[in-house]
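By letter and in written order, the chains are A, B, C and D; residue numbering begins at 1 in each of them.
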Amino acid sequence: MTPLSRHIWEGAKKSVLKITGMSFKYGKVEVLHGISINAEKGKITSLIGANGAGKTTTMKAIMGLMPISGGTIEWDGTTLSGKDPSDVAKCGVALCPEGRQLFPNMSVYENLLMGAYTRKDKEEIKETIESVYQWFPRLVDRRNQMAGTLSGGEQEMLAISRALMSKPSLMLMDEPSWGLAPILVEEVGEIIKSINAQGTTVLLVEQNAQMALDLADYVYVLETGKIVLEGAGAEVSANEEIQQAYLGV
Amino acid sequence: MITGNNAKKHFVNVILIVILVVFIFLPKIVTVSYYLHLIVMSLIWFILISGLNVIQGYTGYVSMCQIAFYGIGAYTSGLLMKNLHWGLGQGILAAVGMGLIVGTIIGFPSLRTKGHYFSIVTLAFTMLMFTILRGWSGLTGGIVGFAVRPVSESLFGIPLNTRQGYYYLVLIFAVLTILFVKRMTGSRTGRAIIAVRENENLASSIGVNVFAMKLLAFDISAVLGCIAGALYMHYVNFVSPAGFAAEYAMNTLLAGMVGGVGTLVGPAIGSFIVIFLPEMLRAAALYRQLAFGIVLIIIVFALPHGVVRPLTKLWTWALAKIFRKNNVEEATLASNK
Amino acid sequence: MKKGSMRIGKVLLSVLLIAVLTSMTAACGGSGSGSGSDGGADADGGAKTGTIVWGVDDSLTGTGAGSGLPSYQGTVLAVEQVNAEGGIQIGDTSYTIQLKEYDNKSDASEAVSTLTKLLDVDKVHFVIGWGSSTATLAAAQIAMTRQDDVTMVVGNGRTPMLMVYNTQGNIFRSGTGNVYDPIGIVQYMKEVGCNKTGVIAMMNDTAYSVSAKQYMEKFEECGIESVGLENFEANDTDFNTQVTKLLHAGADSILTVGNIIESATIVRTIREQGSDIPIVNFSAGTGSQWLGVCTNEQMNNCYTTRPWASAIGATDDGTQEAYTEAYIARWNDSPAQADCQAYDDVWIMKAAYEKAQSTDPLEVRAAMKELKVSDLDPRCVDAFEALDGDKLFDEFNQAYAPYQCMRWSMEEKTWTLAAVVGRNLGPAAHREYVLEQREKEGL
Amino acid sequence: MSTMVLQQVINGIVTGGLYTLIAMGLSQIFGVLGISHFAHGSVVIIAGYLGYTFTRVLGWALFPSVILSIICCTVVGLLMERFAYRPMMTKPQINIFILALGMLFIVDNLAEMIWGPDPLAIQAASNVPIHIGPAVLTTFRLAVVLINFAVLFGLWGLMKFTKLGRSIRAMAQNREAAKILGVNLNQTSALVFGIGSALAGLCGIFYTSMIQIVPSSGGTLVLKGFAVMILVGLGNIPGTIVGGLIMGLVESLGATFISEAFKDSYGFLVLILAMLFKPDGLFNRKTQIKY
């Protein structure tokens, strides 16, 4: 796994993510009840929890896709809450959405170009595409193929690389392991590690608790919209309740 | 012991009978026969929009060819009377038959599409029907249209060529339509059609033959549309293609929409509004069409779910208000027993 | 009935709500408006005055607006002129005319609603206007069943079927029906060089299709070879297909039969296809209407042969010029075909009232039947033909007027009189046509 | 006989081009926003009537009045998107459907009141007939065909190779993903409306100069545009060009060989037959249309 070339990541050095007391309502029903999450700069923070605990809602709230009803979201000194997703993207935040959400009738190359939508520099975009191709060789020979025709693993790789195209300083990853064969889950884990190694702060939301715990420097456990437990990765995985609830031990 | 619920039912039945009585004596109350003319037209349109309600309300598909069924029903019974001298009864039966045939012919291609596509394809059918009615001048008399003699039959002794007589005929058909549609929605097939509206895939997964249900709903709307057309033909005794152009498809859409789709009350309110509103706006003469368009837009913005939803809220509120008092009495009655 | 009664209740409750609502308006609506005609002493005790209310039913919007709007404007112009001169004199009372106008959108159900409202709510006994055929025929069905309540005076609704439904004698028409003998016009066409003529007509209109067939019958008599009959629709906009067919069939002249604007577009299409053959239009329309579609050059070598009474110089006593001036002054729009017809209807009504010397509708109707051409005010635009006994109407209440043939003059950029040619088929042929149709319709 | 067929084919190609122009706007707007934009027909007649007013009533030269008419009708399209459709996006689909029809209805009546019911036409200046063998094509109609293909080719290029084109296509395929990547949906849909309305304006000008315009032309034209859109399936620019030509040819040949009376209905007949066999359109892959 050759490390991505140096120039992509200087942007990711300094920032930190602070979410304080965020709550969210679907109509009259409150789904998130005042959760607070901090993501260390350059660290992998992961958020685990059962299905419907509010993980994806949190990710969408950060990205501005859903208006939050309380609390603030701050990234790199600027408040994101209340911003339109296109502005959030301009602040260097990239979301690799649940279910990948590719553009099925556009080629791999065009999907990648869309990833760099917020960037104006033509030359650098070409360089980023070349480095992504080095990173994911399988995408090279698929470059003119319609995204809809790729396999599950390839689609996940395309989704991640599309998010990388905007040179994000904060990478939000929503269940990257969804629907992938175990060996591919391993591969995706390696990719996340190396992205983080380059200094990008990663907020990982995963149902696959094992993978999340292995990767994460810091873990938050979310149940029915509330943070029930938080701590360093090793500490949380040692906790019996977590093992019973999430690891089936 | 009359519990709260039964009392509500009795109250409703009483209102039901009162309404029926009022409608039976309506010709006596409404002296100016112009307004009786409007009420007859509204009842005819009630039957037409109830048909539209079946396909639109219960399968969620916006059909724009109800006005074409209206035209087919009118032309079928009209031409049969003019050329073969068929009577009113035979004319309506022929219209029903024609409704089934045309409903299936139009239904097959259009029901294969969904949502907006379905509406546009049905609108294309209305255009097609209008062009055929206008172009086939040998049979249909072309753009100017044709006339038939007033009906000679009479109903329970009242001659049908008078306005009162024809009013009762149309009233009977309207009541039959309500009973039929209510019976159908309550029945097993009715529930299957509603299941198709809620979730087609789910409905087919539990064994509902989705296409057959949609086609059945479409045929029912076609038959009701053709009956309304036949009734209109023998009431006005003259028909021209212009009355069934795409422009009037707008009126059926408005009536279905304003009244609120998928309810039994919707067609009643929608058809009365579509007939009475242009007459009220008649004073605007030159600007009448424009006013009608603007009202349409206002309704879309103000009442996205149609008139019925606020009305049903009002109705349930009124019922609750009346019967809460009774419940209190019963509670006290039961407690001191 | 228990299970569903809740929903039935809702249905009938709302229907009741609306029914009660409308019956209330009906009750108050009925008495409110003025009755057909009511006399009354003037406030200052001078000459007694009164008002007569007539209904006007025309297609102000919709497909027929092309003739409906001018027809309404012609009516208003005449009524204003009559009222300006003190209205209608009956005995020592002078009645001013009031109009109650409704738009029937040249549509059957609208015509039924508007006529019913005029009769039941506004209680008028005379309804004039009727600029389009469809609405007129629909209303005629009602006139047949309510002969005592209404008399229809039709202007430009020229469908020959109208008089077939005039079984009760309560429908009058000043505009010449389209059943007429085009022999005069066909001879004139021969003179201007039509040898192989292609016909393009609105065949699905009963009026125009009858005329087109009569033209083609007369072609043989006059030695003109007919090279094809093409069809088009009302409001059609693209005629390339038909024109191409006729030109390729070797036509050296073309006859168009239809509405003003469609005929003008056909002329333009012919000129655009590079042919300058003579074009005869069985159509009317003012110079400006034709120039709205064609250029002056394209109109060269074009003719029109419709009964266009307000053609300058149609009669030599200057009535057409006076009418055209008055119309342009009032509506700053040049007169077309339907307006002068409706204009004459008002003068015919005035003559009937003054002949009957009463405001009773049935007496006025009887007087109108017996009207003589000489009774009419000289300002009548149409040069009505005096039938036997100088009568205006024939036994089916149809009036007759000769036809003019006009040629386009490039200098004056409008139609100029070329010849007074055809006369209509006359009462005998009209009777034969009506009786034959009545039998077919089982009247 | 063969010269006649050639002439009808030429007539069909010319009118087919117009149907493509209007279908292109409808297809893009439907693809990106899921709106059946019936009021597109009104945009066409506004451009036509303005073109008539500028050239015939005010007597301006053809070129400036054409440009001004197209600009005006583009503004009208943008206003419709901003103040009519955008607030209704959250409401049930049927409301947008009726809103669009309502606007078509209103503009129809306004046009009748302002410009009157009679058909009007823009007097095309250079109208010299050109003879292609026995068939005839006026210079103006040739210009129409050429401009038509130039515009459509330009649009195809824009969609295929530019960033704007990509973002429009992306938005059509997955709104949320486009939003995440920084595409401003409101701006893009306004742009799509602008382009669509400009194309409709061009169609209005051509239609009014070659044939003539009546207040109800908007309705018939937009329906033909929809027929083409559904015939070929969504967002497929080359397909829409071919679809428009098919519609034009079917009408002119049908009118020649079958009967003139049903001229308008042949197009719809083709649409209905297409629906029988390919509910998703002739050329399109199975697209997943979300409602």
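Criterion: a contact is a pair of C-beta atoms (placed from the backbone, for glycine too) under 8 Å apart; a residue touches a chain by one contact, two chains touch by 3 or more.
In this text, all values refer to a predicted model and were calculated from it rather than measured experimentally.
Chain nearest the geometric middle of the protein is D, using mean C-alpha positions.
Each chain gets a centre from the mean of its Cα atoms; the one farthest from the centre of chain D is A.
Note on interfaces A-D and B-C: more C-beta pairs are in contact across B-C.
Rounded to a whole number, the gap between the C-alpha centres of chain A and chain B is 54 angstrom. Centre-to-centre separation between chain A and chain C, using Cα means, comes to 77 Å.
Annotation: 43 Å between the Cα-based centres of chain A and chain D.
Rounded to a whole number, the gap between the C-alpha centres of chain B and chain C is 36 angstrom. In chain B, the residues that reach two or more other chains under the touch definition are 134-135, 137, 286, 289.
Among all residues of chain D, those that touch two or more other chains are 109, 112, 216, 259, 261, 263. Residue positions of chain A touching 2 or more other chains: there are none. Remark: the chains found to touch one another pair up as A-D, B-C, B-D, C-D. Chain D makes touch with chain B in their complex at residues 30, 34, 36, 84, 87-88, 91-95, 97-99, 101-103, 105-106, 108-110, 112-113, 216, 219-220, 223, 226-227, 230, 259, 261-265, 268-269, 271-273, 275-276, 279, 289, 291. Per the touch definition, chain D reaches chain C in the complex via residues 3-4, 7-8, 11, 15, 109, 112, 116-121, 123, 127, 129, 131, 134, 136, 138, 211-214, 216-217, 252, 255-256, 259-261, 263. Residue ranges on chain D touching chain A, taken from their complex, read 163, 166-167, 169-170, 173-174, 176-185, 285, 287-288. In the complex of the two chains, the chain B residues touching chain C come out as 8-9, 12-13, 15-16, 18-20, 22-23, 26, 29-35, 37-39, 41-42, 82, 85, 134-135, 137, 141-145, 147, 149-150, 161, 178, 182-183, 186, 232, 236-240, 242-243, 263-265, 268-269, 272, 276, 279, 282, 285-286, 288-289, 311-312, 315. Against chain D, the residues of chain A that register as touching in their complex are 63, 65, 84-86, 89-90, 94-95, 97, 101-106, 110, 113-115, 117-118, 162, 166.
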